[in-house]
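Listed next: structures, encoded as structure tokens.
Next come two complexes, and both contain subunit A; in the first it sits with subunit B, in the second with subunit C.
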Partner chain A sequence: MPAGVFKETYRADMAHLRYPIHYAGLLIGSVLALTAPLYLKGYYLDQAILFMIFLIAAVGLNITLGLAGLVSLAHAALMGAGAYTVALLALKAGVNAILAIPLAGLAAAGLGFILSLPSFKLKGYYLAMASLAAQFILEYIYSLIAPEQYISIPFETKEIAGIFFGEGIPLYYLALAITIVLLLAAANIARGSLGRAMKAVRDNDVAAEIVGINVTMTKALAFTIGGFYAGVAGGLYALYSAGVGWEGFTLLVSIELLGMVLIGGPGRVVWGSMLGVLVLKTGWTNLESSLNPLLTGMGLDIIASTAKYIVLGTLIAVFIILEPEGLIAVLRRIKEYLRLWPYSY
Partner chain B sequence: MDAGLIIESTFRGITIGVIYSMIALGFNIVYRVNKSINFAHPVIVLMAAYVALVVSYNHSPLVAYIAAIASGIVASIAVERLVARPLLGRPPIALIGATLGVYYLVKGVTITIGGGETASLPLPYKLYRLGPINLGFNDIVALVGSLTALLVIILLHKKTRLGSAMRAVAEDVEGAAAYGIPVRRLMVLSWALAGLVGALGGIFLAVKNQVSVELEFYAIRALAASLLAGLDSMGGVIVGGIILGVAEELGGLFLDDYLPGIGYDLAFFILLLVLFVKPYGLFGTERIERV
Partner chain C sequence: MGGTRLSYDIESWKVDRVWDKGDLYRKKEYERETLVRTEHILVEFGGIRAVDDVSIKVDRGEILGIIGPNGAGKTSLLNVISGFYKPKHGKVYYKGVDITRLPPHLRVKLGISRTFQHSELFMGMNVIENIMTGLHPWRKGNTLSYALWTPGVMKWEEWAREKAEHVIDLLDLHEYRYHIVGSLPPGVQKRVDLARALAQDPEVVFMDEPMAGLTREEKEDLVRAIIEVYETRGITFVLVEHDLEVVTDICDRIIVMDFGKVIAEGRPDEVVNHPLVVKAYLGG
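Coming up: the complex of A and B.
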């Protein structure tokens, strides 16, 4: 009688669903996701949509940062590229906003490719500075595009066959479909040859080159794919929000996305990102909205506005120092503890 | 264009450029010992300015400035002890991410304590005229003060025994340790020095302009000066800072009609240009990687 789950073939080792908990998770997760509009209304449904938008963006950053180890502080600006693509196409050319979302992905992917150019020569902190500069330059360009701050997307471009996709249940299911497709793709990238090549480049790029991996192309692809995800997320964000303005895509948002990846689990593309977004986006938004009236009532409204910086900064620093593999490693330890309980080794 | 305006802008650029140099020096000092960028440095600049402001409410200006410098040094040593030291030997992204975390943490605390206000530091006000140049007393303090501090620190680094020990640590940690140089203590000292120049930079920025949340962006832009000089160069930061300051002022003067507000974003174009063309900067040593 084997004590544990054993895999006998490579196919079983690489499968998406390997343990009973995966099957259970898939079943519960899909039922919950498909029926969510039944019990999530209004504000909470918006939260679910925002969760998916940021999940897509975080998965993109996790590919760039977690898998390939390339620091990008311009991920929010890439999201912005997607959002502005959708907004400008819808406003200036009358293109349907939903059909423009893939174009948004491609536009941001192109920008991501340009951002990858410094990474051919530079590593680590140099790359971080290049992307930081890119973030500020893009913010500046966005502020030039719309000096009056907001580009509003015409409502009629958010419709297909008479259904309005700008809010509520239709937008939820649209976002869900896109999320599932992109998450599956990300999971396959991570476990396929490209993902392994990225991990090799991350761990030791010289060794990766010696075993025959095209380091330049792998880095470019990591940035391009990350950019595509960010662009689609930005496009969905444009669809979701009434107007597109540059202050949705500032450095702070980039750092938030960085925090989601680092806290959730860098390198664990799907589940790590999901945990990170759950904590930093959904969890924090709800905590903030319930705490803020309390803080304001106590006359501490200055803390209400700065708490976000403090919590975000502390979480990022603490996780990097104490738990570099992120929350997902914590969960794994808890799982192991429970599995072996009460006779741990 | 009016020549007087150009001269005045150039002079303003030099004044702000010297302050940039000082902040950039903080980046470089840390880079030399830790081989990574300390993204918490800009927020030390901001924090020192607000500490000076808050203390000056109840105490004499002198006490306020001393408190600000002390706070910068203490914060910088704390970052070394609590963040940089546990991360020694980890990939550079770890220190980048962690110091970015510290950046937001300290920023939040600073705004909470300082109330996010915009205010001037207590200083006698007087305006001098020098040909086309309008010169406030605060400009003179900032220019002379930061130039003096820069020169003192660079001379300390070049001419004293302490300085040569610091250079040895920057060159080769193991080698320095083998010669009996107290590496750990010198690392702490380097970070303290970075905190000192950061705090001084914050004070002089606040003296020249005002205390405001905007100050952190000056400190972030100083990164361009640091890179332009080369991340491991010390004296080069003066050139880098002045080039950056003058470029910003003149860029703002000439390009503002076509690209509104470009002046302050010019730093990032310079940064990208340097990264693409000469990533090791004007005075930096090129690092050749051996396998």
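Coming up: the complex of A and C.
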């Protein structure tokens, strides 16, 4: 916070848009987001859709992990719950897949609540182990649902009023609308007393209890809300994919999501998550697709297939140790440096 | 509380009443009301009696000191009063009402606030957030209304922010508003801790060793802040302290504990010369 900048009212100070740069960012961001389909085609539009899907999931995990400090290695499994909800409802009951997305959120929220139960007693590593177990159990259950093949969702359930929402521009705008709503809600949760309660539980659960925060309920909420986001993301993923299979929601995906939050900026639910997904999903996918042929050409196929997880693991470790506040803090420091430049103090 | 009753010369650690003590006490007699009273409190930890049959009372408008050597049971007693420990025996009353079973945050709502010996602040949150967290017991609205940021939520958040800003003024914390508490020096953290308690509009504040670990300058700042709040807001203070000098200078009355028991009680000058106290502090 630069010295000498004072807001007229507390309301203005609490607003999402506080500085001219915020308004400029909103303007540029909305124009870019709304016009993206004009210049992003095919593969790149898919990338944009996947970015939003993983952004929603990462924001959910950022609420659970970043705000409330509850480690979850089962976030991908929660996404899976959303995806399977949409797929099964569409396939077995003929429910419209788009309309099933809120139900996917609710189903995963319920599962998130169940996952929160161990957190009432366990912390840190033990909680992580509990969620790991949950991830494996859920993966197993998913593999039982459709053992050999993907569940493919009937095309006609992906339509509303004759518009097919399973790909391309309609899916892009659907995902954009959902993303905007959920990001706003997350930012609201973070800036209000609920967000403070979560952070209080994260920082010092004993003191949180003393100031009258219901620690158990707050933990349950953090998991439940996180689950809701994961479920909606999974539901969108089901809409986007030709078929839903358990391979999309493995432990590795959970770890990727964890990496997005930890590297992007834990506790910074919107911007931190965005950075994390941008680097680890969008950035990585494109890097991979350009590097892989090169590595394979040099006969280094093994490196090509494992490089991702070596780098991801290293990055997570480096950030936890050196920059626990994530990339967003690095950006802030750069900004501060530029603001004060050429005076380095 | 009526007009100013204190003057203090912080340099020489002397805090004197403007009115003579007799007058002050007479006046207090007149408006005396017991805020907090404990009756035969017993707290045990695996056979150790941390608090052993302690009955004390705290009157409105006084600054009460509780002193005693390490492990005397001061913090445990405070934990019972603030509701964090359940006593094995005994009762806690607030304005004559039995609150022994009341959870901590409801005691806060009644008007009993406290600070902590070992900082119980939220180290990853900034100063404003820390103070506003103290207002949690008054929170309104559910998850959905927070996600939607309804007008009701907005209004409550503004109200809470105003309260926070008020104590930020009172304790001169302006420059630290947006600082992450974990990065602040201990002296400022103690002030934030006090600010969080004061934002709750308490009638009585229990402070657990507020001076511990502070430099002389930081102590002076904190004493000045406490006295200013005492004067302007009429808040009753209970100071648990190791620093005898501070306690004897600013307290009206002192309770001395040792091995879980109250061994002496009275005015500062009476207490410091009490043989048991001398023994506990020097002979122990």
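By definition in this document, the second predicted complex is superposed on the first by the 339 of 345 C-alpha atoms of A that agree within 3 Å, B and C clash if a C-alpha of one lies under 4 Å from a C-alpha of the other, contacts with A are read in each partner's own complex, and residues count from 1 in each chain.
Here is the rule we use: a contact is a pair of C-beta atoms (placed from the backbone, for glycine too) under 8 Å apart; a residue touches a chain by one contact, two chains touch by 3 or more.
Given the structure is predicted, the values throughout are model-derived calculations rather than measurements.
With subunit A as the common reference, the superposed partners subunit B and subunit C fit together side by side.
For the combined model, the angle formed at the CA centre of subunit A by lines to the CA centres of subunit B and subunit C equals 80 degrees after rounding to the nearest 10. Once chain A of one complex is fitted onto chain A of the other, the partner contacts of A:Ser30 are absent, as it touches neither subunit B nor subunit C. In the superposed model, A:Ala185 makes contact with subunit C only, not with subunit B. Looking at the superposed arrangement, the partner reaching more residues of subunit A, out of subunit B and subunit C, is B.
Once chain A of one complex is fitted onto chain A of the other, the partner contacts of A:Leu221 are limited to subunit C, with no touch recorded for subunit B. Judged by the touch definition given at the top, the superposed model places A:Val206 against both subunit B and subunit C. Residue contacts after overlaying the shared chain place A:Leu312 against subunit B, while subunit C stays out of touching range. The least CA distance from subunit B to subunit C in the superposed model is 9 Å.
Counting contacts by the rule stated earlier, residues 206 of subunit A appear in both its interface with subunit B and its interface with subunit C. Interface of subunit A with subunit C (complex): residues 1, 10-11, 13-14, 185-186, 188-189, 192-197, 199-200, 202-204, 206-213, 221, 225, 267. Within the complex, the subunit A residues that touch subunit B are 65, 69, 71, 73, 117-118, 121-126, 128-130, 132-134, 136-137, 140, 143-144, 147, 206, 255, 258-259, 262, 302-303, 305-318, 320-321, 324. Across the interface of their complex, subunit A is touched by residues 36-37, 39, 82-83, 86-87, 90-94, 96-109, 111-112, 115-116, 220, 223-224, 227, 259-262, 265, 268-269, 271-272, 275-276, 279, 289, 291 of subunit B.
The touching residues of subunit C, when paired with subunit A in their complex, are 82, 84, 103-106, 108-109, 116, 120-125, 129, 132-137, 139, 141, 143, 146-149, 153-154, 156-158, 160-162, 165, 177-178, 196.
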